[in-house]
């Protein structure tokens, strides 16, 4: 069982759609932002390092359950993510988006990211030194 | 087995992210656009009619597999959706996003939408006359 | 001369476009976010109060000069805005988006917002009590 | 006086904000899309050609007046643009966004784009052969 890390995100007016809550696709943007933040802050291998080594990450699967709407008035929400497992070029991440004093779950699910070599766009096995640094 | 309907969508420059392909959250925007289009064009019950009757739809779950990147140069893509089943306030939709002459699959998956009563935000059983009109 | 207020905004990965910097339309989203924040934090008349009184604000003109790109690596930027003048239903706002330790200007310009009555969408003279509260 | 070219754009549900009309920053996305489309369709020098020659375009100034809201129900809108003048590395473009049978103006204004050399990000005088091809 790996650690759960957290990123605070402030809801922006442009995230709100005609239903007066955060648009359903923006949840994926919140998750991506949390991963970038936590790669740097918690795992100590920032996205820039991957890019410097010729790698990048693309999403290969998302599974998200929307539990409660997020309103502009919610102000700041928390996105928590956790490494579930590495599998070759893939990493599976669990996530929870929570809001309010009672930290009610607004959404939860899993994202699969695939590491690619930028030059050819091909999936590439995540190097051992990175796998090690992420297993915290 | 219900019909599969199709909507053509033109990729916009603002859909492209730093990886030079369509940003992963924009796929959900394409699916939403296809549903709106097909509700009107194919099922003949446009979103406006739901709103007039005091209803709206919110996404309650999305499951999406990304198979191939979509580039700006792909120009026009097709989003196909199909009713899988109605279940009380919920409707499950299968979708496929295809591109190019060979109609290769860029992404596929399922979305669950829940019909709500706008006034109280509560899930509401889809009325029989609508269920009927959608079962084509 | 009215006060200049400031809002810190964290750049999100989804703000970045194919040129690897913040997409030019997202600057308008940053400005809007800053205004919402400052209406509440500095002017003490939050957007919700306008809505409660049956009013809303829409942009009627934007003039923006882009001076320097904003990168994801810039992390947090500052959006400063200042009331220039009230004119009936309109308010003119000066803004500056600055970044980095040296607070270099990434963009600057003016936005004109028009207050409308939500019910009919018509421009409506800003009430005196609000004008007064904003003249700080 | 140069030619005015036109691009049809279909409003997407994700373009709509909490005010139930197209979000004010999305107008800039519509303009960008129109320019990309017209560079290829009308001027016969597609963005890809600029990139192939090591160039790119960035916005250096936008001046936009919002005249009428655009609703999802408006369906398809038209974005018309016209070259105003070339000036070294800069090109000034006039634009009009029109909607409906009566082609009422939803927004109008000007955008200044600056051509840059991708490698160093520096403004670069637009080559004569391109200037010529755009003066139609």
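We call the chains A, B, C and D, going by the order they appear; numbering starts again at 1 in every chain.
Just so it is clear, contacts are C-beta pairs under 8 Å (C-beta built on N, C-alpha and C of every residue); 3 or more make two chains touch, one makes a residue touch a chain.
What you see is a predicted model; the values in this text were computed from it and never measured.
Copies chain A and chain D of the same chain sequence form an interface built mainly from equivalent positions, shared numbers / all numbers used being over half. Interface comparison, C-D versus A-C: the higher count of C-beta contacts falls to C-D.
Among the remaining chains, the Cα-based centre furthest from that of chain C is the centre of B. In terms of their C-alpha centroids, the spacing between chain A and chain C amounts to 28 Å.
Per-chain CA centroids place chain A at a distance of 33 Å from chain D.
Mean C-alpha position of chain C lies 23 Å from that of chain D. For chain D, the set of residues touching two or more other chains reads 13-14, 25-26, 29, 32, 72. Residue ranges of chain C in contact with chain B, taken from their complex: 13-14, 16-18, 20, 23, 25, 72. Residues of chain D that touch chain C in their complex: 19, 24-29, 32, 56, 58-66, 69, 121. Against chain C, the residues of chain A that register as touching in their complex are 9-10, 12-14, 26, 29, 32-33, 36, 48, 72-73.
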